[in-house]
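Input: structures, listed below.
Both complexes shown next keep chain A, but they swap its partner, so chain B is in the first and chain C is in the second.
Moving on, here comes the complex of A and B:
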């Protein structure tokens, strides 16, 4: 029987890892993700989970141990936040290139300077092109579910890619919510034990990662790109199967909230979706034609779905909790992806970004209402006045 | 938690006992006379087929393997120059859990990291130290060619005083080239890793001794560190036919000392009847050609002090390839 509990994102995610029967766990402390490892170490010590628990000497070491464990054929798990995500950087590409489907949980956090514990998408978004599957959870339950679903996707023989399973620091990782924990038997049926076809194994020796000559590079890179092209079908199947097995209702790529008849929408991911839902409810009551579109995966980026869904509206406000200094639109990275997705669409909404929630600041309902005013104007005039607004600083918001 | 079953490797009495089978096979592009390549061959014979080797970036990665043409007949993986100890820890942890759960039927493979001096005690030190601290059952071999060789012979913490490298060229302002004395690698590990029970130094000039030390290290449950002196003709600038001669001369002059440390005690140290002057060792190598008498005296003083360490000396002759 599924169990109902109140828990914050860290504990819920640890329960996801336990249900996924992770076999090698590697820790290193950094807020806010630390709670995941505290809970997993307790489970291992109490005999509730049979796994090796390795204390990494830093994130670079953590990710390295995880690479070795996954290469040797174990289901490997690690995690981090903020500067820790950056410190592991060297090892991300060897893992995706080695096609080791391990998982790294991230409770996102701002980079330094200044030292700041707050949630921000900057850490993960600055490493997002290393060949890992990547998506955000809005709630503790979604984070737990994603942990299980991501292993299912990553370990598929057509995919074989590592995954970053992200939740927003504090907003998700530290605020208790109702979580329905599935039965171990249900999860076991959904996610069979990991069976690595190319594990480092003396009984069937293989050599991994030898030096290549430049003319061998393109073919090898193409294979990793191909794995990403194979991923969408696997994602859709994995989520449909999970919904059925566990009784959830996730959309694969984009969740539309009150978009029927909407003329303008907020486009975002993670915890701020919850505030956006309240804002939409309130504004709808007042007659505004507003909705919300929630993004579930950043890699692979759902180009066709973003194009199809966002083309329906007259204006889109991309909420960016990360910065992309000096980039094409001078705001965050999401607007680049959104505009690229819409490029071939015959119907172009007016797209602007709102720089909001940086440093972990709460995006208030008031701020959502102010953003909505700008979007309403953009929808009416069919164009934007500004590509980027810094919420709290720019005219009227 | 219950210990997983491990392998027990036999120690050799002489060269005739060495496994005739090659595990490190042709397919590499190392320089003629490459000391580290010979070291790889010997460590591979020590460990055998039931092994997983890890190769951090360095000559023994780059010059050893081309895609689809590697010399490793056993399971092998590249790792970064930074993380040999980390990836090996993960492999060992995985086998512990897989054997415990019955998903792998067999004994714990011999897990061997083959790190260069840079990959072991400079950029790779953090990962190596963490692996030894945590007590993973891994043999960490440092093949020491006394430079960052693969990148074109740059100074590393193992480059000797007075060594010319492409980052320590001698010049008017820096007549000796390299001014610092090297790190004492084994002491870095002996000094602070309670789970570490076996540390040894070896030389490719003494293959039986080298193989036995690697096997002892592998037989110990938990981490082991073997530091192996590996002359490099390209970096040290001597004739490639002289690799073994240079290796032996290092031992005969006291430039290199073969010893063993087990469970907190020095149990073996090779001491020649007399030490030849270190000048004899240096003169065949062009990397030292620019040094003057004063520099050589400084080197001799360093070596004279060094051969007194470590700990309890025991005089046991080490068999060379011809004497065995």
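Moving on, here comes the complex of A and C:
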């Protein structure tokens, strides 16, 4: 029987890793993700989980050990936050290029300076093009479920890609919530043991990451591109199967909340969706035609789905929670992806960005109401007055 | 998947490679990859002192030491050794010493070809 529990994102994610029967875990401490490793080390010490627990000497070593463990055929698991994610950067491309479907749990955190430790999406979003599957969780339960679903997607023979399973630091990782923990037997049936096609074997020695000549490079890059083109079908199947096996109701790419009859929507991902739902409920009662669209995957980016869904509205407010200094729209990265997805659409909503939820700041209901006022105006006039609003510092908000 | 993306790519025969570029390990040396040609010093072994403890084999980052099963002696690989001294430092029997490359006939003194 599934077990109801009340736990924060870190503990829930550790339970997800335990249910996925991870075999090698590598850790290096940095808050807020450390809670995942604390719980996993307790599980290993208490004999609840049969796994090798290895301490890295830093994130670079930590992620390298994960690569080695995955090459040896183990279901490997690691994680980090903020500047730790940046320090592991060099190893991300070899892992996806070598096609090791290991998983890295991230509780996101702002970059330095000046040594901020609050939640912000900038850490992973600044390395998001290294060939890893990537998505955010809104709740501890979703984070636990994503851990299992991502292994299922990544280990598919048509995919074979590593995964960043991200939750917002503190907002998800440290705030307890109701979690329904599935049965081990149910998860075992959904996620069979990892069958590595090229596990290291002394009887049949192989070279991993060999030196190549320049003309061989593009062909190997193409393998990863092809794997990403194969991924969407696998994602849809994996989520449909999980919903059926465990009794959940996840949409694959985008979740629409109260978008029936909506003229303008908030477009965002992660923990702030929770506040957005309350804001939408309140504004709807007051007669505003507002909704919310939640993004579940950043990589692969659901281009066609974003285009189809967002084309229905007159105005879209992209809530960024991450910075992209000097980019095309001078705000965050999500607006670039959204505008590119909408480029071929015959119906163009007015798209603007809100820089909010940076440095660990909560996006308050009041701020959502103010953003809604701007979006309502944009919907009415069919264009934006400003591409980017810095919430708390800008015109009208 | 949108039809605007290629379903399958054409990869020329000579560029085909296994997923993740995992290939069978080469046995022996590759003529195109001579990476030890900028060495300044080389390790020289004293087989009288050597106990074949295999420390050099274990610590060498480039796999330049192996035990010859016939003679039961350690054999050094001149093509890949970069003269990093790790084996010399790690030898517990003091059987390895460093000697300047120029003391050897055919010793590498400069970069001839990168590979």
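Following the convention adopted for this analysis, the second predicted complex is superposed on the first by the 397 of 397 C-alpha atoms of A that agree within 3 Å, B and C clash if a C-alpha of one lies under 4 Å from a C-alpha of the other, contacts with A are read in each partner's own complex, and residues count from 1 in each chain.
Methods note: a contact is a pair of C-beta atoms (placed from the backbone, for glycine too) under 8 Å apart; a residue touches a chain by one contact, two chains touch by 3 or more.
As the structure is a prediction and not an experimental result, all values here were calculated from the model.
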Inset, instruction - Once the two structures are overlaid on chain A, check if chain B and chain C clash or fit side by side. - result: clash
Legend entry - Partner chain in contact with A:274 - chain B first, chain C second, else both or neither: neither
Inset, instruction - Based on the superposed arrangement, let me know which partner A:57 touches: chain B (first), chain C (second), both, or neither? - result: first
Inset, instruction - Would you check which partner chain A:99 touches, where first means chain B only, second means chain C only, and both and neither mean what they say? - result: second
Inset, instruction - Once the structures are superposed on A, label A:312 by its partner contacts, choosing first (chain B), second (chain C), both or neither. - result: neither
Inset, instruction - For A:223, decide between first (touching chain B), second (touching chain C), both and neither. - result: second
Legend entry - Touching partner for A:210 - first (chain B), second (chain C), both, neither: both
Legend entry - Touch count on chain A, higher of chain B and chain C: B
Inset, instruction - Going by the overlay, flag which of 81-89, 189-197 or 207-215 in chain B ends up clashing with chain C. - result: 207-215
Inset, instruction - Using the superposition described at the top, list the residues of chain A that contact chain B and also contact chain C. - result: 98, 205-212, 216
Legend entry - Residue numbers on chain A that touch chain C, as the complex places them: 97-100, 160, 197-198, 204-212, 215-216, 218-220, 222-223, 226, 229, 232-233, 303-304
Inset, instruction - Sort out for me which residues of chain B touch chain A in the complex. - result: 49-52, 54, 61-62, 65-70, 72-80, 82-83, 85-98, 100-101, 103-104, 106, 109, 126-127, 129-130, 133-134
Inset, instruction - Report the residues of chain C in contact with chain A in the complex, numbered from low to high. - result: 1-2, 5-6, 8-9, 11, 15-26, 33
Legend entry - For the chain A and chain B complex, residues of the former touching the latter: 23-24, 26, 50-52, 54-58, 60-74, 76, 90-91, 94, 98, 193, 200-203, 205-213, 216
